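The following pair of complexes shares a single chain, subunit A, combined with subunit B in the former and subunit C in the latter.
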Partner chain A sequence: MNVLVCFKVVPDLDQLSGSDWVVDGCSRVETRFVKRMINPYDESALELALKMADQARGSGVTLGLNSLTIADSGANLTLKSLRALGYQEAVRIEADRDLEFAPEDVAALIAAYVLSTDPLELIMMGRQSGVGDNAKTPLLIAELLRWPCITQVIAVEKDAAGTYLVTAMADEGVVTRIIEPPCVLAIGNAPSSTLRVPTLRAIKEQSAIAVKTYAAAELISTSPTLPVNPGAELLTLEVVNRNRGGLIIEGADATEKAQILYQSYLKGWLAEL
Partner chain B sequence: MSLNREQIVSILIKIVGADQVITEEEVLKESSVDRFRRFEELHGVYTQPLPAAVVYVRNTNDVSAVLKLANEQGINIVPRTGHTATEGGLETIVENSVVLDGSAMNEIIKIDPYNMQATCQCGTPLQTLEDRLREIGFTTGHSPQSKPLAQLGGLVATRSIGQFSTLYGGIEDMVVGLEAVFSNGEITRIKNVPRRAAGPDIRHVIIGNEGALCYITEVTVKIFKFMPENNVLLGYTLEKMKTGFEILREVMAEGYKPSVARLYDPEDGAYHFSHFANNKCVLIFMAEGPKAIAAATAAAIEVIVAKHPECVKVDTRYIETWFDHLNWDATDIAKERSEIVETKNIGNTTEISANWDKINQIYETCIKRIRNEIPDMTLVGGHSSHSYINGTNLYFVHYYNVVDCKPEEEITKYHWPLKKIIVEETIKAGGSMCHHHGVGKHRTPWIKDEYGSSYYILETLKKAFDPEGIMNQGTIYPRR
Partner chain C sequence: MNYKVILNGCSPNFSNQCSTIGTFLTSTAALELEAQTIIFYNNPALASQFAAETPTDRVHLVKIEQYETQTVLAILTELEKPDPADLYLFPGDYAGSEIAVRLACRLTGSSLAAVNSLQTDQDQIICTKVVYNGYLQGRFSLNKKPYCLSLARGITGNRDNQGIEKREIIQSDRSAEEQPAYIIKQTVDPAELLSELEEAKFVVAGGRGIKNKENYLDLQQSARRLGAALGVSRPVAMNGWAPLDKLIGASGIIASPEICLALAVSGSPAFFSGIEKSRKIIAINTDPQAAIVKNADLTVIDDYKAVLDELTRLIEKDKNR
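Showing the complex of A and B:
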């Protein structure tokens, strides 16, 4: 395999209503009752890898894709769908405890898996997730494996020389680098990266083939370094009020309203700039 | 001699004023289609003749004057309000058509809580009316998925139905009276009375006419007390659709009226309820109304469901969360559009109805045939969402990847063959090919099969009310 894409199935937080954002006393917002989805940044990573494989195939290069998640058996359907889309392997690590706020442990498990399998060129994953939003996991994996990591990646291609063209957002704009593998890519706001949909026929072909599953305990024993002292520990959750103020400008017509908007608000702000 | 585009536009400007007559090409392109051709539209391909103009009417007299002109000059008129049609009813298939848009006629004329009715102009968004009513403790009882976008005129013109129909009925059960303008400019008003036996119910000439007989300008609907605090939601998973249909039938046959009674097959269920359905069918009920009635209805449904051991009750909070996200709004539409462009995966629906003894057969036959005959399918499933004493509906949901064809070939390669299977199997089994989206332009090939000998009545309506054939040609009735 050339590329491992790691993903997480998460609750669709848009489906939570305001009253659902109530902490229930055990440091957790109750999300069991909302639909699940692939973390959108991970979804972009999955689709970018498929696009890269398509592009490589067009140049006569076969790119092996592997997908991995740490989840219970409920994720098997997603993994099989990914195989139906062209991922040659789909791997699930069964965790023995809740890892939502434990990016160090997640990184250790993924690093252990990477070291236990055939050599890889790239690890791709979303830069962060809406749930357990730490934005640390790709960086921690890179550190554990002693690989470089590029963040805010929005496109990636494999070239004929065996190197990769990685495009990423940076403070100064968009940067495209030619990199020698191995590397960890943390995918950011990649445009046009909605995951394609497998056909029923392709899913059927994959349905009887089991997902390769590892127990976390089995992998963790081979992990390069186990974090002894995680950088952060979740103690409490509280609701942050993010309500925005709003004002309806009254005026006889659009011109008058625009005048009020400019004179009363924009003019002052622009002067400050 | 027929008028050319410039002449049509010139006369329209004289009638309604230049501000009301839109001729920008982008507007004309968007106005030449509805959601049926959205794959083409999303790829910037427009295969239908562009209309000469879109006219935003301000009042009933505008409508009358424009129709009179069209009738005299043989100009095809496509009536429109919310632009949410799904079956091609808004396609401008005739050269130099005029799209008559009533969305600017959006006044809530009167809310009459004592007589329990509300009167609105045709362009009133249902959501606006519903919000106003809820502020004072009432509801229309009408809640189609398009509620945030659809407007009253179009909802009545397409015989719309909402998610609470099993209690409140379809729009035809809610409409009390109407104002409509016919092709010769004749303005007609049907008064708002509880019931009458003074000949045939002429409201039904107007309700569901899809702009093929007249233009609806005003609607009066019943209103109901809104008591959401009494709502009781119930949800179950089960193995077989057949069992679900039996339960729905028993609930209806025993005389219970839940507002929501829905049965999803495993595929459609997985789309909506992947977090708990576990590849099973899903059955959902909501009982509402006065507290004692809602409680009694829910209790009775629980007794009926309990007779079927394969049904497993799910935590009500799953159903509550689903219930809070029933409708589509502009954000959902925008998201869908970008996803279609990126993935080339598009979903459509086809809704039919049939008696209890035929519905499962139609369901099984259609699903099997679509899976076997249509290429590149990514989802085919369905749900029943509107039940009656003698039968129920089926809402087939079909998604496919558009592969190896141009945008303009998507309909002929996928959508139309799919619809053909569902329509033909339904009519063969004695059901109706259209439950609540209307005929539009893409089910007209089967309209005579749908009606049989009663097509005489339907055909005579067209001859009587639109003898010149200027009203939305090709909709309901095959193009002349």
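Showing the complex of A and C:
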């Protein structure tokens, strides 16, 4: 395999209403009833890798893609869909505890998997994901493996020479690099990277193939010892109140509402600019 | 607490970095202004200006060829040995967020990204940051020094480093450091110093509800006629309807206009963090249950196009009088 793409299936938190935000005794919010989705940054990583494989194939280069998630068996369906899309391998690591606020442990598991499998050229994943919003995992993996890492990646291509063309946002502007692998790529705001949809036929073909699964403890025990740093410990959670009052302007139709908005409020505010 | 501030003088947003750190220091009782700031820079003509803007009383100017993570990490790791710190503070820009986490690994410390407050305790520090996509705020403890923190984006406010009468400045030249071997070639398309959105007093922001690129282009025209800068939420930019430099929110521009007109945006915290510094927020949305309704100062529940058309007509009519 050339490329490992790591992803996480997360709750769509925008579906929760105000009263759903109740913090339990373990500093968590109940999200099991909420629709699940692939973390948007990870979704971009998955699609960018597929696009890169398409482009490489056009140049006569075959690119092997592997996908990995740390989740319970509920993620198997997503993994099989990824196989149907062209990922040759789909791997799941079964965690033995909640890792939402433990990016150091997530990174150690992924690094342990990487060290236990065939050599890779790239590891791709989203730069950040809810619920923890830690924004650390790709960076920690790079440090554990002693690989370079490029963050805020928005495009990637492989060329026939075996190098990669990586475009990323940076504080100085948009940086384009030709790099030698291996490298970790943390995907940022990559435009037009919605994950494609597999055909029903392709899904059916994958349905009988089992997802390769590893137990977290087994993976760690069989891998070289990694220097895992202490993380930050979550103590408490509280709801962020952004309420400004939300006065609703009433009127017979859109035109009348716009007129009230303008004459009673906006006109005066604009005059002060 | 013995701490160091790390700034990127190769970035066009150096003043913003100083403002962010300065504001944070002002609001953090545990941190005095007696500390060292390390500035990596590559333009000698700007070095004295950088030193004068520094939020602490000691400055180490480090000249480098270009700001590359591996190079900066290696220099910081080397500088730690003779002069260790309990805490490293980075601004919340791309470089700061990355290097804080990686430096903690190399110095066997602990890290946290996007921090918005800090308190010291006996053998630990307590920090807060937003989690759950911005819906919640978490309190975290870190107990392994050195603590490496990047700050949340959008920290701006009163900056109080005027009490620093004289800064102790040291300089070193590391521009001969070899660039990392994995980079064969690199080109940079420079960013603008400040985007129109960051400076605008009147912003129009369009969300997923604008539905397509054609409507985005119409919105662009309306914004121009209103004299407003135009921004968009993440779905609009990710769908390719709008360019990335129009992206407002946690992963885009943090705008702070006097007036923000939020059109067809749901108001998720990830977006709202990009407009919450607006003095007045007006939402126009067909969904009365959308989060933006409570988070705005004023809301019109209706089709944004119809309301915007009438608003544009009224504003232009008054302008032409």
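The rule is simple: the second predicted complex is superposed on the first by the 234 of 273 C-alpha atoms of A that agree within 3 Å, B and C clash if a C-alpha of one lies under 4 Å from a C-alpha of the other, contacts with A are read in each partner's own complex, and residues count from 1 in each chain.
Note that a contact is a pair of C-beta atoms (placed from the backbone, for glycine too) under 8 Å apart; a residue touches a chain by one contact, two chains touch by 3 or more.
Note that the structure is predicted; figures quoted are calculated from it, not measured.
> For A:Ile209, select first, second, both or neither according to whether it touches subunit B, subunit C, the two together, or no partner.
Touch status of A:Ile209: no partner.
> Could you look at A:Leu266 and tell me whether it touches subunit B, subunit C, both or neither (first, second, both, neither)?
Touch status of A:Leu266: second partner only.
> With both structures superposed, pick whichever of subunit B and subunit C touches the larger number of subunit A residues.
It is C that touches the greater number of subunit A residues.
> Mind working out whether A:Ala217 is in touch with subunit B, subunit C, both or neither, as first, second, both or neither?
So A:Ala217 meets neither subunit B nor subunit C here.
> After the superposition on A, what does A:Val22 contact: first (subunit B), second (subunit C), both or neither?
Neither subunit B nor subunit C is touched by A:Val22.
> Where does A:Thr194 make contact in the superposed view: on subunit B (first), on subunit C (second), on both, or on neither?
both
> Return the residues of subunit A at which the contacts from subunit B and from subunit C coincide.
Correct list for subunit A: 16-17, 192-194.
> Report the residues of subunit C in contact with subunit A in the complex, numbered from low to high.
Residue list for subunit C touching subunit A: 8, 10-13, 67, 69-70, 93-95, 97-98, 101-102, 104-106, 108-114, 126-127, 129-144, 180-191, 201-202, 234, 237-240, 244, 247, 251-252, 258-259, 266, 268-269, 272, 276, 280-283, 288-289, 291, 293-303, 306-311, 314-315, 318.
> In the complex, go through subunit A and note every residue touching subunit B.
Residues in contact with subunit B: 11, 15-17, 20, 32-36, 77, 192-201.
> Within their complex, state which residues of subunit B touch subunit A.
Result: residues 272-275, 315, 317-318, 320-321, 324-325, 338-339, 342-345, 371, 376-380, 399, 401 of subunit B touch subunit A.
> Touching residues of subunit A toward subunit C in the complex: what are they?
Touching subunit C from subunit A are residues 13-14, 16-18, 21, 23, 27, 29, 40, 44, 101, 130-136, 139-140, 142-144, 148-149, 151-152, 154, 163, 169-181, 183, 188-194, 227, 229-240, 242-249, 253-255, 257-259, 261-263, 265-267, 269-270, 272-273.
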